[in-house]
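Input: one structure, supplied below.
Note that the chains are named A, B and C in the order they appear, and that numbering of residues resets to 1 at the start of each chain.
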Amino acid sequence: MARFPSARPADRFRASGSKRLFPYLFTAVFAACVVFSVREAQVDPRVFLEGDALGNVAKFVRGMFPPKLDVEFLGLMAGPAIETVQISVMGTAIAIALGIPLGLLATSSLTWRGVLHERTSRTGRWLLGVVPYAASRAVLSVFRSIPEYVWAFMFVRAVGLGPFPGVLAIGVAYGGMLGKVYSEILENVSPRPLETLHAAGASRVGVILYGLVPQALPNVIAYTLYRWECAIRASAILGFVGAGGLGQQIELSMRMFQFDEVLTLLAILFALVASVDFISGRIRGWVA
Amino acid sequence: MYELRGIRKVFADGTVAVEDISLIVGSGEHVAFIGPSGAGKTTLFRLLNLTLRPTAGALIFEGQDVSALSDAGLRRTRTRIGTIYQQQNLVGRLRVVHNVLAGYLGRWSAATALASLVRPRDVAGAGRALAQVGIPEKLWARTDELSGGQQQRVAIARVLVQDPDVILADEPVSAVDPSLAVSIVTLLRDLSHESRKTLLMNLHSVDLALGHFPRIVGVREGRVLFDVAPDKVGPELLAELYAGHRDEELQLEQLRDGKVSFGAACRPLPGFRK
Amino acid sequence: MARGAVARPGRAAPLLVGVGFAALLAWSWHGTAVDLPGLFGGEGLRQVATYVVKLFPPDLSAGAWRDAATGAVETFAISLIGSLLAVCVGLPLSLLATRTLLYRGILFEARRPGPGARAVRVALYAAGKAVLNLLRTIPEIVWALIFVFMVGLGPFPGVLALGFHTGGVLGKLFGEVLEDVDPAPLEALQATGASRFAILVYGVLPQALPQFVSYALYRWEVNIRAAAMMGFVGAGGLGQRIHIAISLFQEHQLMTLILAIYAIVTLVDALSAFLRARLV
C-alpha cells in the first residue's frame, strides 16, 4: 500500500466558538419569530372551509370569464394604461434627478475620504463627513424607508388627486433607493485608476469624469433601468390610493364586482410590464 | 468488462470528439490511456461511465448493450462504475464527509440520502477512505476550502466508498505534486489489484503510464493509435502520438535529454536512456 | 483603412437614444400634468409646507404609541410569514420551471426521454412557467383584495397575498438559479448511480442555496413595505391605521405611524443585510 505524508492533527475547521454557536442561536430566534408571527398574523387555513370562501372563489373566477373586451371599454382604458406608463417614466426621471446629487454626496470617497481629499485638513474632512455626507445619507434613508404609497397618500393630500402625486411619490421613494445604490456603486469603484489620474495631476473634476464615471456608468444605468421596471408596477398600484393610472380602474372594477373588467385590466397590466421589461432588457444588453 | 465497437461521439455543436474506437477490456485488467490534449480521452471516459450516449457504435458492459438499458438499469449499472474526474466535480459548499459519502448514493434510498445530510451515515467509512488517501483530518472541512490536490483525493475517497467493479480515473494526479502523484497511482493500482477491480486511467505523464500499467492505449484525434504493452512504446510511437502538440513534444524532448527526473517507482523510459 | 483598426464610433446611435428619451420624457411630463413650476413656485410648495407643519409634533400619547407599536408588530409578522409562504409556494414551482431537471442537460444525455415522455415534461415546464407568471403578474394589492373578498378582513389575507405574488417572483428567480448551477458536480453524482432526487439534494440545492437565501431576503425587504400597504384594503397592519388616520385628518397620529413604518422598514433592511452577510 502506498505511503502518504502523515495527517496534520490540527483541524483549522473547528475554529471559532461564535461560528459554532451562530446556527443554533439563529435557528432558535428564527423559530420563535415564526411562531410569534403566525399568531400575530392570525394565520388560520380553516377560514377557507368556513363560510362561503370557496363559493366566493367560484363567483370570482366565473365572473372573470369572458373578459370584457368590447371596444368602448378598451378605448376607455387606453387612457389610464398610457397614464401608468407616463407616471413610471416621469417618476423615474425625478428619482434620477434626486438620486444623483444625493448619491454623490453620500459617497464617502467623494465627500470626505480617499484620494480626492488627501490635502483636506482633518477638521475639514470631519466637517465634510458630518454635514453633507451624514445629512444626505439620512435623507436617502427617510426617502426610501417610507413606502411609495404612503408618500402618494401624503402628496394626494398636499397637491390633490391625479397622476402628479403618483409621480412625486415614485420620484421620492425611488430617489432614495437610487441614491443609496448609486453611492454603493461609486464606493466600489476600483481606486487604482483614480490614484493614477490624481498622480498625473488631474483636477477633482477630471478624476471624477475620467476615472469614476466610466467605471460606474454601466452599473448605474442597469440599476436605473431595473428600477424603471419596478416603477411601472408601482405606478399601477398607486392608483389604489387615488393617484391615477390602471390601479384606480382595477380598484373601481373590484369594488363594483365587475370581475370581467378586472381580468382585462390585469391582462393590460401584464402587457405593459412585459413590454417595459423587454425594452429595459434590450437597453441593458447594449450597455453591458 | 467492456466491449466497444466502432464508438463515435459527435457533440451538439458538431465537434467530433471520438471518431471511431473499438476496444475490449477484460475484467480486472489495468489499462492506461495516453494522448495529446483534446484527443478525446475524457469524452471516452464519459461514454464508458454512461454519462454520454454514443452517436454511433455499440457499447457493451458485462455482456449487456447499454443502449438497451432502462433508467433504473442505467442507475444500477452506474453504481458498478466509479469515476474520478479530471476536474474534481465536487460540490464545494458541502462538507468533505458528504462528498465522500455521495459514493453511497447509488445504493441509498431517498430517505437515507436525505437523513445523511443532517446526520452523516457512515462517518467511520468516510474517515477510513480519507485516511487511505492521506487526508483524514479534512473529514469535516468545507470542500471548497481544500486545495486542488486535496479535492482530487476527496474524489478518490468517494470512489473508495462507492466500491465499484471498474474504476475510471481521468487524470487523477493532474493537481498534485510528482511524489504524491506516484503514491496515488500506486494506491489505485494496488487497491484495484487486491479487490480485482478493473482500472482504466487517463494519464498526462507518459512515465507514470509506462511505469505502472501493463497495457497502454494511445489515443489521437478520437482514434486508437496503438494498444500495446509498455515495452513496445518507443520514441517513434510517442512522437507520432504527440505530433503537432507543442507542450507534449517539449515534455518528450526533456525526457530524452534527461531533464525530468522520474519518481522512484518508475522504470526508466525505454529508448530514453541517456 | 488598416486591418484591425477600429472604426470611430458613430454618433447617430447615442443621439437617437437621447432624442428618444427626451421625447418620452416630454410626453410623460405632459400626460401626468406634472407641475413642478407650480409646485416650487408659490401655491404648491406652500400647500406642502402647510401639510408638513400640520404633521408635527407626532402624537406621543400612550394610546398612539400602543397603536403604532401593535401595527408595526402586525406588519412585521405579515411580512415574515408572507415571505416564508412565498418560499414554500415558489420552491416547488421553481423545480417545474427548470428545464435542466426535466428534459435536457447532462442528466438526460445518456437516455433522452422518448417523444411522448418529453412532450409531457415540456408541458410540465410550460405549466410551471405559466402558473408563476400568473402569480407574479397580479400585484400583491390585487391579491389582497381577492383574499379579503374570499376570507374576510384581517392580517391573514395580507399574508396570503404576499405569499402568492412573491411566490411567483421567487419561483421565477429560483428557476433561473437552478438552471444556472454548475453541471460538473451533477455529472459526477450521476456517475455514482445516484437517483435524480439524490442529485437534486446533494448537487443542485447546495449550489443554489446561497442565492435562494439572498433572493428571499431581498424579497423580505420588499415585502415589509408591501405588508404595510395591505392594510389599505382592510388586511391589517400599519397600513390600515395609516388609512384611518388620513381619512380622519388625524395628522399627529399619522406622523407617529409614519415614524413606526420608518423604524420597522429600517429594522428589516438591517436584519436582512446582517443575515445576508452571515448566511451567504
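Throughout what follows, a residue touches a chain if its C-beta (ideal position, glycine included) is under 8 Å from a C-beta of that chain, and two chains touch if they have at least 3 such contacts.
None of the values given here were measured: they were computed from a predicted structure.
This structure's chain pair with the greatest number of C-beta contacts is A-C. Among the chains present, the centre nearest to the common Cα mean is that of C.
For chain B, the chain with the farthest CA centroid is A. Centres computed as Cα averages put chain B at a distance of 46 Å from chain C.
Distance between chain centres (mean CA atoms), chain A to chain B: 50 Å. Rounded to whole angstrom, the centroid-to-centroid distance between chain A and chain C, based on C-alpha atoms, equals 9 Å.
Put simply, chain A touches chain C in their complex at residues 22, 26, 33-34, 36-44, 47-48, 51, 53, 56-57, 60, 82-83, 85-87, 89-90, 93, 141-142, 145-150, 153-154, 157-159, 162-164, 166-168, 233, 236-237, 240-241, 244, 247, 250-251, 254, 262, 266, 269-270, 273. By the touch criterion stated above, chain C contacts chain B in their complex at residues 106, 109-112, 184-185, 187-195, 197-199, 201-203, 206-207, 209-210.
Across the complex, chain C meets chain A through its residues 24-25, 27-29, 31-35, 39, 44, 47-48, 51, 73-74, 76-78, 80-82, 84, 133, 137-139, 141-142, 145-146, 149-152, 154-156, 158-159, 225-226, 228-229, 232-233, 236, 242, 246, 258, 261-262, 265-266, 269, 278.
Taken in their complex, chain B has these residues touching chain C: 46, 49-53, 69-71, 74-83, 85, 87, 89-94, 98, 102-103, 105-108, 110, 113-114, 117, 155, 158, 162.
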